Structures are given as C-alpha cells and as structure tokens.
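Below are structures written as structure tokens.
Look for chain A in each of the two complexes below; its partner is chain B in the first and chain C in the second.
Let's look at the complex of A and B:
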C-alpha cells in the first residue's frame, strides 16, 4: 500500500499523455486529502499517481473580464476563502469555503479535487450551483463546459471521463441585485460533513425576487438543485413568510437522502426544510452586496 | 515515436526540513508523517487519527498549516517543512508560542501539544492579534482529548500579547 509510482508533469499536455499511457492504473493527485485517505484504507490502490501540483495552468484564481471568476482546479479552498477578489465578487462562495473542514484541510484540499471526488456532502457544489458556475473539462477531443449543476451522476461519480481533466471552474458575474448564503447543519462537530447544507442565491429587483437558486448538499446521492422551490420564489417579496415556507416545503419534497450516522433520511429532509427557511429569512433581510 | 511522457520520480527528494537541506531516498508516495518520524527521527510530530482530523501531526509546508499524515512526501519536494522541532531558536530558546504554552499550562497529557503549538504559530503568522473566537475558529481542527481548551486559548492569546482576560476566560457561547 501507498507505494505507487509518483509522476510530476508540468503541463496539461504531459498530464494527458501520462493518463493515456497509464490508463486505469493511474489516479490524479491534487491536494491529497481524499486520495491519501482512500489509499491508506485500501479503497484506492493506484499503481501510479500523477501529481498536479506543478501543472501551473491548472492553478490560479483570476478575475474574468466580464466581472466573474475563474478558479483553477488545483486552487486550494483556503485560497478561495481568503481571496479579496472572491469576497468582492462572490462573497457567498467565500462563506461556503470557510465551512469546509478545518483551516489545515482547506490549506491542502482543492476546488477541483472536492468536485471530482463527488462526495454528496461537499460544501462547494451547492454554492457553485447557485452561482450557475461552469466546469471546464479538458480531454483528448478538446475542451467542454458543463454546468456544475450537471456535473454529478451519483455517489463519488461525475461526468468527467477517465481520460479527461477538470481544468477550472468559471463563476459568471452575479446579476445586479444578487445575494447568496450558505447554511450548514452540523449537529456533531464543527469540522464534520454536514447532515444537510443549503445554499441559496436570490436576485431581487424593486422588492421582488426575479431569480432564485436553491441547492442542497447531503440530500441524496449527489448535491442537487431544487428547481420547483426556486420557481415558487420568483415574483415574491424576499423573506416573505408564506412564500419562503412554501419553497422550503418543496425543498423537503425534492430530497431523497440516505439514512446514516448523521441522521435518518426523514430527519435530513426536515432539517433541509428548516435550514432553507432560516436562510431565506436571512437573505430577505440582507441587501445585495 | 519517442515517448514524450516524463518518467516517474525516482531521484532523491530534496526538501528543507527545519532549515536543513535534506535529500530523501524514499518512495514519494509515503506519508510525510512516516518519513519525519521514522527516517528523520523527528518524533515531535505525533500520529493521532491518521486521517487528517485530529491535528496531532500538524506541520508547516512553506509556512502553511497541513496534516503530515495526508501529505505524500513527494509533494514537498523543493519546499520548506517546519515541525515543532524547528520552532525554537538556534540556541534552543523557546519561541514566543512555546513559552506561552508553558506559562499558561496550555497542555495536559501533551500528545496534542506539538500540533497545537504549530497550529498557533501558523495562526499568529497570519493574524498577529486574534480574538479568542478567532483562535477557536482557526484551531478547531486541533483536538485535545484532555479537553484543556481554555488554557490553550489563553496561551495563544498570551503569545499574541493579547490580554488573556475577558472573553478568553469564558465558555464559548
């Protein structure tokens, strides 16, 4: 165990060549927080590991000219959390990053790693979904762009194919009047995965919701958007009690969580309703940033 | 066609540990924690949970706090690793944080202490005068099974030169 060959390519092209040559025997290594644990437990036994740390073009955190953000796949979660650029352009994303595990893990874990690992309890996916973020995936046939909301297929499974690399995440510029928030329900310890967590993005103009996004972690085999609840909010007054209660009930109906040590399926659905209610109430009293 | 793919790393791994250049001939996949303890005999870094949760193996890589159990040693090639053994001055005089842990009795059984001291050092490098809440937030990932948290928070605030009275002495809300 843990005696894999270790490769250090410096470009995406070199990485792709290694992946083509080594095939299924190889795993990509970004921050290591998931792969090292899986390898130690014998759940991953790669003969080869391709470390991405030296592939400069997969890193970085940049402003896009249109007012959005580009997050490199190997950018650490701590970098996103503490970046003044992110705090200015997508404060909800910085907020969600601050809820990931501990500072020590956030210093190591990466944006791309947390997405392709596809644990349905991860904190970044729901927040990226409410921002309509896109995953740029590069492969032998060029690049493709997939909404983060369509990235996940099931437990630990994404649409990223074995010969492909998640290159970066593009967060479009938020609409005028957009605000986002995150509520992570943690009945055990602060560094735990959530029992459920809810991300909400609201756009309001002249006192009415013009667009809504609600996405949940821990509510099923993938993080997911609750589109029926989103639709129920459009046209309502932000924070208005009847509307938010209706939307929150629709969130509960949209989920199918597994029962596990963090709560039964029914408990998680009910707590998702409660978290949605509280978050919508909070965002209803906040001005757009 | 000639193979354009680089070969796996088989050379010795060059890394600076506590200011000393080291050349490590070891599989790059090994956890840095094992290399520090077994090869370099730097046993101040402790093994607790081995899955990145407990903080006993907290170290600094280029000044950033990480879990030595989750870092393959290949990842630190060309980088600077600091363990608890590297915090004291050249003549062995304790660092500000180490002195504060002594003065405030910021330890009980001691197993988590190296990790707590390293984490506190990282915190104060980023934020030289944290509040008690900021100390708790930053050091959430460093568990003390003796539950000696109040004196740990007091030690960190004392090292920062912040008064250890007031909210530090109170239970968290």
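Let's look at the complex of A and C:
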C-alpha cells in the first residue's frame, strides 16, 4: 500500500475545495471498509485521502416531515440497522442492514460508502431501490437527486462524478399497505457476500398488489431492478402461487450474473428465482407494517 | 502393524488428578494485554523493510532484469536479484527453491527480486520499479498431464539437487517430486482381489486450501559479527536454522533463531520463504531486515494444502469383509517440493485411506508431482484429510453397494483386539439416530491417526526447593505448549503449577527440538519434561545446594505405534431447491488418552471440527492457469462462529498413549472426519453422492437438477 496524505475537512464546502485542488489523486474515505481493502490490494492508489468523518453535514439519520427518512452518507450500517426510527418506518431496510458482513464491519461501513463503491453484491442498494430511495448528490453546480435505481453504471461505477459527493439518501414515506423483505442467499458461511440476494417491496390494497418492486444483488454488473417481474405482480393476490412463480421466472430472465467462486452464472439465476419465490411467499403471508 | 495396547506405567492418582483442573495459559496474560511480541512487533535499531517482486507468469525464462529505477528511489538501501544471490537453493528437505529466481520462474508469485529500504512503502514502491522481461515457456497445471510424454519439465536439473542432509535419492520421471509404494506386492493384491465377491472403485478429488492463520509469514534477520540472528514465524526454530545453514553455507552454530510467539500455524508455519532473502539483504546492508508478507503474498506465494486425486479400489466379500484395498494417490506438488519436511517428499497421510480397518491385502501408491503453481505444503493432518475423505466416503459407498448398514460394515472390519476402536465407533453412532424423512440424514466417519515423533529436549531446573524452571527451544504457535510443559513438570515433581516457569530460549540456549508439527509436541517434549522432572524429584530429596538441573532429550522413533481413533457423526439437512447443506448437530469422539490441558484439548477438537467444516463446505484456494484467484480472506472464506452447529465432544480417556501420563495427540484430530461424515449424511438425506471437496450447494443442486442453463 502506498503512503498518502490524509485530510480531515469539517464541512462539505471544505471537502469540495480539497477535491477541486487535489483532483483525481484524491479519494474520499468514509468507513474505509472498501477503500482500504482496495488500497492494500494495490487496486486503489490514492496520493491523498480525504476523510469524511468530521464532516457533520454528511452524517445523521433523521425523520423527514412527510414520514420518510434521511440517511447521511457517513451514517454507519449498524446505526441504520439498530435505529428504532428505521425499524418503524422502513423495517425492510433494517433487515437488509442486519445482513451486511459482521457487526464489526457494520460498525465501520457507511451507507454512502456501500453505494458509491458500487460493488453489485452490496446489500443496501437493492433494498433502497425497492423503497424508491433517492440519492442526493452535491457538486460544484449545486445539488441533484438521482433515484438509487439509476445510480449504478457498472462494476464499481456510478453516476456520481469525480467532483461530486454523495450527500445523503432520502427514503420516501412508504405507501399504505407497503411491506418489504430481504433474502440473502449465503450457502457457504454467514460471513460472506451473497451468491445472490433479493429485495422485494409490495404494496397491497384490498387483497391485491397495487405496486411491486423487486431488486437483486449479485445478478449482474450492477444491482438490478426487475421491472418485468414487478409488472407481473400488479393486480395479483399477494403470495398467490402462480403469480409469484411467474414473477420469479421473470427475475431469473432479467439477470446476467458473473460466474465466480460463489456460483456459476446459471446457478445464480436459478437461486435468484428460488429466493424471489420464497420471499414473495413470505411477504404474502405477512401483514403490512 | 500392531494394535496391541501395551500397558503404560502407573502414575500416582493425585498427580494425574491435577490435570482435571482447567488450565490457565501461562502466556495468556502476555497475549491478552498485547505484551507478547510477535515477529512483526520487533523493531531492532536501524531496521530496514524488505519487499519482494513475484513473478507474474507461471513458467518463463527471464531475459532481462532492470533494477536501476528501483535503486535510485530515495530510501532504497539494497536491491537483489538472483544473479546477486547466486545459485542458492533452499527447502525443508529437498533444496529445490531458489532464494531468487535466476534464469527461470516456475510459478506466479515466485520471488524474482528483493528490495531493502528505510520504509515498507519505499520498498514496495521500488519493487514496482523493477522491470523484468519474460519469455513464456509451456506450462503444466495438471499433475497427471505432467507425467505424460512431452509435458514441460519444470526441473531439468532435478538430479543435481541436494537435500538438507546431502545428496538426493534419484527419482524416475523428472516431474515426480516423490513416490512411495507401501503394502503388499501387486501379485498378492491381485490374488486378494480375485477372492472378492465385489470390487468397487471410486475417484475422489480435494482442492488446495490455505491454512488460514491470521499472522502472515514474517522474519527479521540481522548480523552481530559473524552471528546471524533470526526472529521469524517459523514454528520449528531448529529446522529453520538447519535450512538456513544448508542453503547459505553460513555455519549452523553461528545462526541463532529466537522464535517464541506465533499467531497461528495449522501446518503452514513450518515453511519459511523470505527468511532466506532477508539473510542476503541483511548481509549486504549490514542492518537488520524485516519482511512481513501481505495477505496477497500469503495466499499466492507460500505453500497451501496439496490438491489431490485419489483412486480407491476395494474388494469385499458379500458379508462385508474387506479383503483387498488399493489406492493411487496423486498430490499436486506445485512448482517446488521444498515445503515438504520429509525425505520421501510425499504426504504419508495418503496411506491412510483405510487406516481404521483391518484389510489383509493393501497396497498404496502415493506420488507428488511438479506443476506450475505455488508449492504444495503442509496443513493440519497433511494427506490424511484427503485420504480420510476418500476412504470414509468409499466405505459408505461400499455399504450402499452391499445393502449393509454403514456402521455395521465399519464394525465388521475393525482391527482385532482393539476395543477402543469399537468404543469410538459405537459412541459416535449412538449419539445420532437415523432421522426420518427426505432432506435430512446422518453420516459418520471413522479414522485412526498416528502421532508425530522425532527428537526434542528440555532442561528442568530447581532454582530453590520450591521454585522451578523448564527451558525449552520450542516456539508456541498457540496450541498451549508452554502450559502443557508446566503442567507435566508440576505433576512429575509433585508441586503446584505456579511453582513452575517455562522459559523459551533461542536455538543457542536450548536443547534441540524438531518443532511444533505432526501433533508431536506433547508426545516428545511432554515426555522429556516428565522424565527430567521425575529424575529431578528424586535428586531433590538429598539436594542442599541450588540450582539443580536435569536435562533430558527424548527421541520418539519414526513409525512408533501411537494411534488414536476418532469418529465424527453429523446430522444434516439439505435444501433441495438450493442445494444448501446445513449441519444441524454433530458429535466428535476422540480417544485422547490422558488429557493434560482440558481447555486447550477441547479447543483443539472444537477448532478442529470448524476446520473440517471449512474443508467440507467452503474452502478452496482456486488457482486458474497458475494464478491464485483469492487476494484476501474476504475471497478465501473460512467458517465463522455462526456457522458452527451444536457440537458434542466425547473424550475417551484411555490413558494408553505414549505421551506423558498416557497422553495422545489431538492437534490434527478433530478435522479429519468432518468432510466424509457430511458427504455421507448428504447421500442419506437426498441420495446424492459428492466425491469432490468442497461440497458446495451448487454441486448438490447440479446433482439433483442437472447443470443450470446459462441462458
């Protein structure tokens, strides 16, 4: 690992100024659980590291007045997982956070880091996608909002530009009758990235699905929403066997995973189908939260 | 082979009774307070940092090396290539590894150049500035292919290699590292097979595995005059001293190895790599030089468990009696044999495919083969893990062919006059009744393992009437050596344990010991301590002046019969839609003899089970065309605490071992039966037989549903 200069700005403005000055030699550091691993492997070689730990504006976990949530980029995964506010307003998000690596890593890793790192196996992106969460990005030309579902471009690549900072994530208030769940398939050890993982959000009114969201981690070069499968569920009875089998088959068809030590491409697609089926069945029997 | 149990000398009941009290680790306080200094904690004044350049290609001629940019980097003190070091070969037995490659590289990760610099960062940066041109050569990655005509020959000069003890016994094919045939003649074997009602043959494969210790390999070397000092992670300090002397020509009595605390071993810390290049860097710079491997290097440039292919053939009578057994075991030895400690350059564990049974005609052929990948090394029960997976899977398959109960088949073939074996088997079988219903099954594996031997000595010294020290040259890699020695000394002297201090000394100030390997430490050093302390106790009756000391060197003869039987039984559930195997509960039965450190003993068995669980379900160091695919323990997965099932440990304290007070070896015992027990349970649960480790969910799923379509 190369030595780097370490900077500790205290405001977003100061951070932006440092980024402008240091250019592409600089990397932002939140929890460091990804950046430091990449640096040790020689895959990242920043000459400057700008630590965000003291930038108070980027932290925090707040209720929004409309009943949603705002998660600061440097909020730890563990904070989200254990927050009563999150458990009340978006229990599926707390559930997904509880599946990230180990407690020790969750105490260190951050919401923003797990998004901008853009590893397609991360647990938070699919769950934020099913919540229609928005990423607030701040840059030289002001702020912009991008749906988390549109944040990812490819392996380790997002729409966040080099001069921009992921500021926070806004989780809109869930619709009445909304429920979400996460199923992470871990056939080796409980401390692993998933072979595949599926997040599902269902909104039901009067016994019918009015809106569905399905997103998958590990199914391709980015976390992926499976819109065809979502459409197939609208109008069906939650948990109804034929409908969920059809949706699960469409999830399988939407994916193009890489083959690696966690499974072949074809196996991962099959497992996404099985996990979707099981999760839809589970959500079909749960009451809306 | 004899399994008759010789009666052991009786010990005073009160002496042995003290072993029932759970031990407190003598070195524990140092470790938990951070005061214990591991290799990486040493910073001798003026120390330089070493970094090495590894080959990026699997087999190539080196056409040029340009180190000029590296030499000019600020902070760099020395740069070495193979031409600077010269033709220096090292190894634990066979010296076939160059300190730095000169004209050819044989695996990705092989050391090509080294830098010593004022900072680790400068050393690493300098390594990246070294330019090497390679001319690719045909590489061979499959051991069986390496034995075919026209295969690339890795070591054209193999016949000229020496061992640490002199000349080498010539081998047949140039790509063979070692070959040993054991057992009856081919004619006798075929005659025995001819008398069988049924002959079954199966082929099993097991992968490379990394030992998974947390502390990576590291070393510090410095000179004081002509004396070469070494602190390293090597768990056999006297072995390292001998290897350094053999390779460098530096006199053995002018090398002092100071190893004490080692952060995990599991077989991997008997092999040294960068100690040798540090020697040359220290000699060139006149300053202490330290190397600590990164985990990328640890996974790609050390010596993991040998991958193996095992072809087992067994003849049985219809009633289940085994009449003949043969095994052809091929280990992938990688590019160098230097990581293997024995003169045969094979893994003798390969002979243990049917070690728990009485088979009248047996013949094993065990080979290790050169391939263009990282060298094969030792890992917790080397060879046995592979052999017992194959053998105990094979036995269940035979039971299936004959329609016999697998436990009954095993019981029928146990060695005669060996009630311990039957007790171990029955205790394991009794714990887990056969569950009903598809998707749930139990499986069992039985094994017998011989403990390690060799030479080792201690000095037991009375500093006063009730104050003692035991001086040992053994490094403690975490298994509890120091505490074991203290407790044995206390029992033999008939004094309280807190009256004993165990003092670990360098190779210059302690009696020789062959090192912490092959589960030999309690057998040999425990025995030496017991003998010396017993003798000292006698002398104390008349002693008036202190100190009084007794030195004792014990040599346990190679091949001595000190077997222990073990069995593992598991209950699994298998998810047929995903292929996921879950171990719901498990039992481990160990014939441990007298237990000296009850907590460490339990830790060895529980940790051994976890180790076996990793081998069974997840561990595989993937190597593709010679390239190791894991760069960290985030890729190479080990089991963690939540993966462990409820585990019952049953100890049969027979007191019949050859160790002190009847102790038996336990260090490489808990892991052996886990993979075949799980494989056997999976077959009973869903009718799928897996013959390749690890037993992945995808392998189960594919066996049930066929290969998944790609699109």
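Here is the rule we go by: the second predicted complex is superposed on the first by the 288 of 289 C-alpha atoms of A that agree within 3 Å, B and C clash if a C-alpha of one lies under 4 Å from a C-alpha of the other, contacts with A are read in each partner's own complex, and residues count from 1 in each chain.
Everything below uses one rule, namely that a contact is a pair of C-beta atoms (placed from the backbone, for glycine too) under 8 Å apart; a residue touches a chain by one contact, two chains touch by 3 or more.
Please read these numbers as outputs of a predicted model, since none were measured by experiment.
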> With the two structures laid over each other on chain A, which partner does A:266 touch: chain B (first), chain C (second), both, or neither?
Replying inline: second
Look at A:185 in the shared chain and tell me whether it touches chain B only, chain C only, both, or neither; answer first, second, both or neither. second
- prompt: Where does A:48 make contact in the superposed view: on chain B (first), on chain C (second), on both, or on neither?
  reply: first
Looking at A:6 after the superposition, I want to know if it touches chain B, chain C, both of them or none. Which is it: first, second, both, neither? first
Query = Is A:176 touching the first partner chain B, the second partner chain C, both, or neither of them?
reply = neither
Requested in this report: Using the superposition on chain A described above, determine whether A:37 touches chain B (first), chain C (second), both, or neither.
Outcome: both
- So, A:231: does it touch chain B (first), chain C (second), both, or neither? neither
Exercise for the section: Please indicate which partner A:274 is in contact with in the superposed arrangement: first for chain B, second for chain C, both, or neither. Expected result: second
Residues on chain A touched by both chain B and chain C 2-3, 37, 40, 102, 190-191
As the complex stands, chain C meets chain A at residues 119, 121, 124-125, 294-296, 577-581, 617-618, 620, 622, 629-632, 634-635, 637-640, 642-643, 696-698, 701-702, 705, 707-711
Seen from chain A, its contact residues with chain B in the complex are 2-9, 14, 17-18, 21, 29, 32-33, 36-37, 39-40, 48-49, 51, 53, 78, 101-105, 107-108, 190-191
Chain A contacts chain C in the complex at 1-3, 37, 40-42, 102, 185, 187-192, 195, 256, 261, 263-267, 269-271, 274
Chain B residues touching chain A in their complex are 3-9, 27-31, 50-53, 55, 58, 64-67, 69-72, 74-75, 77, 119, 122, 138, 140-141
